[in-house]
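Have a look at this one.
The chains carry the letters A, B, C, D, E and F, assigned in the order they are written, with residues numbered from 1 in each.
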Amino acid sequence: MGLTHFNEDGEAWMVDVTEKQVTVREAEAKGMITMNEEAFQAVQKGTNQKGDVLATARIAGIMGAKQTSSLIPLCHPIPMTRCTIEFELLPKRRSIVATCKARTEGKTGIEMETLTGVNVALLTIYDMCKALDKKMVIGHISLIHKTGGKSGEIINDWKEDE
Amino acid sequence: MGLTHFNEDGEAWMVDVTEKQVTVREAEAKGMITMNEEAFQAVQKGTNQKGDVLATARIAGIMGAKQTSSLIPLCHPIPMTRCTIEFELLPKRRSIVATCKARTEGKTGIEMETLTGVNVALLTIYDMCKALDKKMVIGHISLIHKTGGKSGEIINDWKEDE
Amino acid sequence: MGLTHFNEDGEAWMVDVTEKQVTVREAEAKGMITMNEEAFQAVQKGTNQKGDVLATARIAGIMGAKQTSSLIPLCHPIPMTRCTIEFELLPKRRSIVATCKARTEGKTGIEMETLTGVNVALLTIYDMCKALDKKMVIGHISLIHKTGGKSGEIINDWKEDE
Amino acid sequence: MGLTHFNEDGEAWMVDVTEKQVTVREAEAKGMITMNEEAFQAVQKGTNQKGDVLATARIAGIMGAKQTSSLIPLCHPIPMTRCTIEFELLPKRRSIVATCKARTEGKTGIEMETLTGVNVALLTIYDMCKALDKKMVIGHISLIHKTGGKSGEIINDWKEDE
Amino acid sequence: MGLTHFNEDGEAWMVDVTEKQVTVREAEAKGMITMNEEAFQAVQKGTNQKGDVLATARIAGIMGAKQTSSLIPLCHPIPMTRCTIEFELLPKRRSIVATCKARTEGKTGIEMETLTGVNVALLTIYDMCKALDKKMVIGHISLIHKTGGKSGEIINDWKEDE
Amino acid sequence: MGLTHFNEDGEAWMVDVTEKQVTVREAEAKGMITMNEEAFQAVQKGTNQKGDVLATARIAGIMGAKQTSSLIPLCHPIPMTRCTIEFELLPKRRSIVATCKARTEGKTGIEMETLTGVNVALLTIYDMCKALDKKMVIGHISLIHKTGGKSGEIINDWKEDE
């Protein structure tokens, strides 16, 4: 069938990675939240000063990444050895781009952790801005880069205009 | 400043909802994941049969919605009294739309729960399909509807083409 | 179909309890673990003295009961207002019976919390005794009593011999 | 005293496994839930179709296994590298047997994870069927097989008739 | 015996609060961390600018307060309706004082939540400063104020010199 | 700036430990809670008999230590291989001293786990005694000893009189 999370009988399982090599694996994911002008400026004003939405979202995203195997049913618990979340403000689009990078030395990749980190960071920005904008959109969440493991290195363009 | 999650000194806090009325509050959020043809067909084949990606994602999304106040720093713990996650397959777009609806009877709204439910459901679909597609995109996550509370009823179009 | 955790289309959901009355609801569950003579005596010796397996299992069971809605997918989060775990030693059977009682004032029953409490307590006893006995059996876990809600009061005999 | 989870003074501790070898360790546990005819048929009808109780229970069991060290006080956190949950329907007994297998490469065994996985899976079946049967019994939970570690390989018959 | 968390037989239990009135309850706790000059200045420089240790500690403290009933065995889950964490820098003592205030409308008090919030905030400051100071001391953690419930209003001096 | 949990731009991150050696690392932390005579005697009476506050606090502390990386934002998840919590009663001071020792074989130290273990143990004693004393103070929490890693072995006096 092709989907690795199911055995022959179509039953979901946590894939067996016991015999895989312990190697360094990295991943990077990006995502974006778009808001109205009022909310965007409130975030912009607060950056690195009082009322820092992004500092809060960064912490939430890193903590969320650590919870990945508790949230995603068939994800393996893995030992995260590095995690960063960076933000970029795009004033013309009234948008904030979140990038999560993570590393591990283990038997399986860390893509889901970076995607979860991006998601929780963007959800946190949403939560903190929703008093000013009820129509925010979270999107363009995708994997940008990964190394290690069977599929080796993968580099994707970030599709910010689809 | 306008952002309610900060006090006068710009310090983040969990907003005081103690004096708010206990009323019924509802919310609905939508989001979408887009994939390649191979992954989309694998999901489509499995629906309600063997290898059901969507059944797994539905459970993960409902469980994720229940974890919202543990993930989003300034969210209040609230007693969820109903939660559903539905999926719609869009073959032309090779996409799956997830809709999460939730209800509570409490002092504050349940929007973040529905957004978190959608996010975790889509992340789970991603996890289960990533062996077949390393370029999937999660997006168009937004609030569609909410009732109750000070801001009353809000109905948003779902922006699936932006 | 009869199973309330599925809608008409067979999709799992968290049942809507929003309109239910807030009333006092109680439940009680029992379960048992059977072990060899060496392990049973080790537990018996430790009761209320040094090396108290049951005190540890009691704490784990109460804490586990509080995690019920995080473990059981379609369970509603409910505000537990009372929880006890008691043990009874049955020397002839080399068994320990665990009883969990809980109460809440809410919209839905607390049966799953008592069953989870019993399970986690018995698993903890297992964990603490497994160095002495690799063939322990956990069983006879069932609901003994519940009050409140639509199904009203239910009293079951505890089937300890099936 | 024999119980390894206590030091000389009878104080509970998490056993020191720091100097143990990192090896592959496996375990398998089984358990069973017995119900009335109506509930059993509802589960049977739903298998791999609409309203799939077992698919839900499988996900909950795997996720529960991952939470073992958070639930059982003196359990070590271990990196699970494989986890499966299978079900077998026994129509004559109106029962469902759950089997959880898991693997890790680490310093300590994975028995508690398989027992927890079985327990949470059976509790989930209970939760989903309780509208049809208030007298279900969960039992016969025991370790069937383990490899690795000081106690080496252990094979137990599954005591389904005690 | 006097300790309310034990029944007549000395068995620990979660006290029965089912019949208590639902009222507004508040609490406030304080605590302090003392460090060397180098670490203190690093924190002071970062306040509300880049590298804001206190902003991170504030978020961790609020999130930790929400986890109180998952951490403290016999604590009841309660619906927190407000939570703040404030810091005060004491340059002469090279110390940072953390104050956590919380409110709920429920059947039991919120003292443990404020104490846990202070503790997790101070532990977070410790974690972020430990590269500069291995001898930090966390202390003077106590309840300053509570209202509501049977014991009514209690006001304690903060013992910062003991 | 000196604080390792921030990058050049002052953004918080989880430090990269991927290239660090896997070695055995140990830590030990101490802390103390001071109470009135009535509460102290209740604890003293219960030690290793009925109503054992310390046994409960020990379990909570070990379980809390395991949650460290879920509570402290930038802490790495690490595999704890040993954890003990011991108590010492100081009748003249009406105080209880908690000591947490832990070990791991990994890429980063285990100090935060021991400090969290001490904190949660003391908070649990507080919770169980608060019916008898509303003025308890938790303090003198500090690292006593650590080995392994770049900073090697550190031995601190326990400052119980500051």
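FYI, contacts are C-beta pairs under 8 Å (C-beta built on N, C-alpha and C of every residue); 3 or more make two chains touch, one makes a residue touch a chain.
In this text, all values refer to a predicted model and were calculated from it rather than measured experimentally.
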{"item": "Chain whose average C-alpha position is farthest from subunit F's own", "value": "B"}
{"item": "Pair in A-B, A-F or B-D that repeats A-D, with over half of contact pairs matching by residue number", "value": "A-F"}
{"item": "Relative to subunit E, chain with the most remote C-alpha centre", "value": "D"}
{"item": "Inter-centroid spacing, subunit C versus subunit B (mean Cα positions, whole Å)", "value": "32"}
{"item": "Separation of mean Cα positions, subunit F and subunit B [Å, integer]", "value": "37"}
{"item": "Numbers and ranges of subunit C residues touching at least 2 other chains", "value": "10-12, 48-50, 52, 55-56, 59-60, 63, 67, 73-74, 77, 79"}
{"item": "Overall pattern in which the protein chains touch one another (line/ring/star/complete/other)", "value": "other"}
{"item": "Those chain pairs that satisfy the touch definition", "value": "A-B, A-D, A-E, A-F, B-C, B-D, B-E, C-D, C-E, C-F, D-F, E-F"}
{"item": "Parts of subunit D lying in touch with subunit C, wherever the complex brings them together", "value": "1-6, 9-12, 31, 34, 38-39, 42, 45-46, 49-53, 56, 59-60, 63-64, 67, 71-75, 111-112, 115-116, 119-120, 123-124, 126-132, 134-143, 146, 151, 154, 156, 159, 162"}
{"item": "Complex contacts: residues of subunit B adjacent to subunit D", "value": "48-50, 52, 55-56, 59-60, 63"}
{"item": "Touching residues on subunit C, where the partner in the complex is subunit E", "value": "24, 48, 55, 58-59, 62-63, 66-67, 77, 79-86, 103-105"}
{"item": "Subunit A-facing residues of subunit F, complex", "value": "7, 10-18, 69-70, 73-74, 76-79, 106-107"}
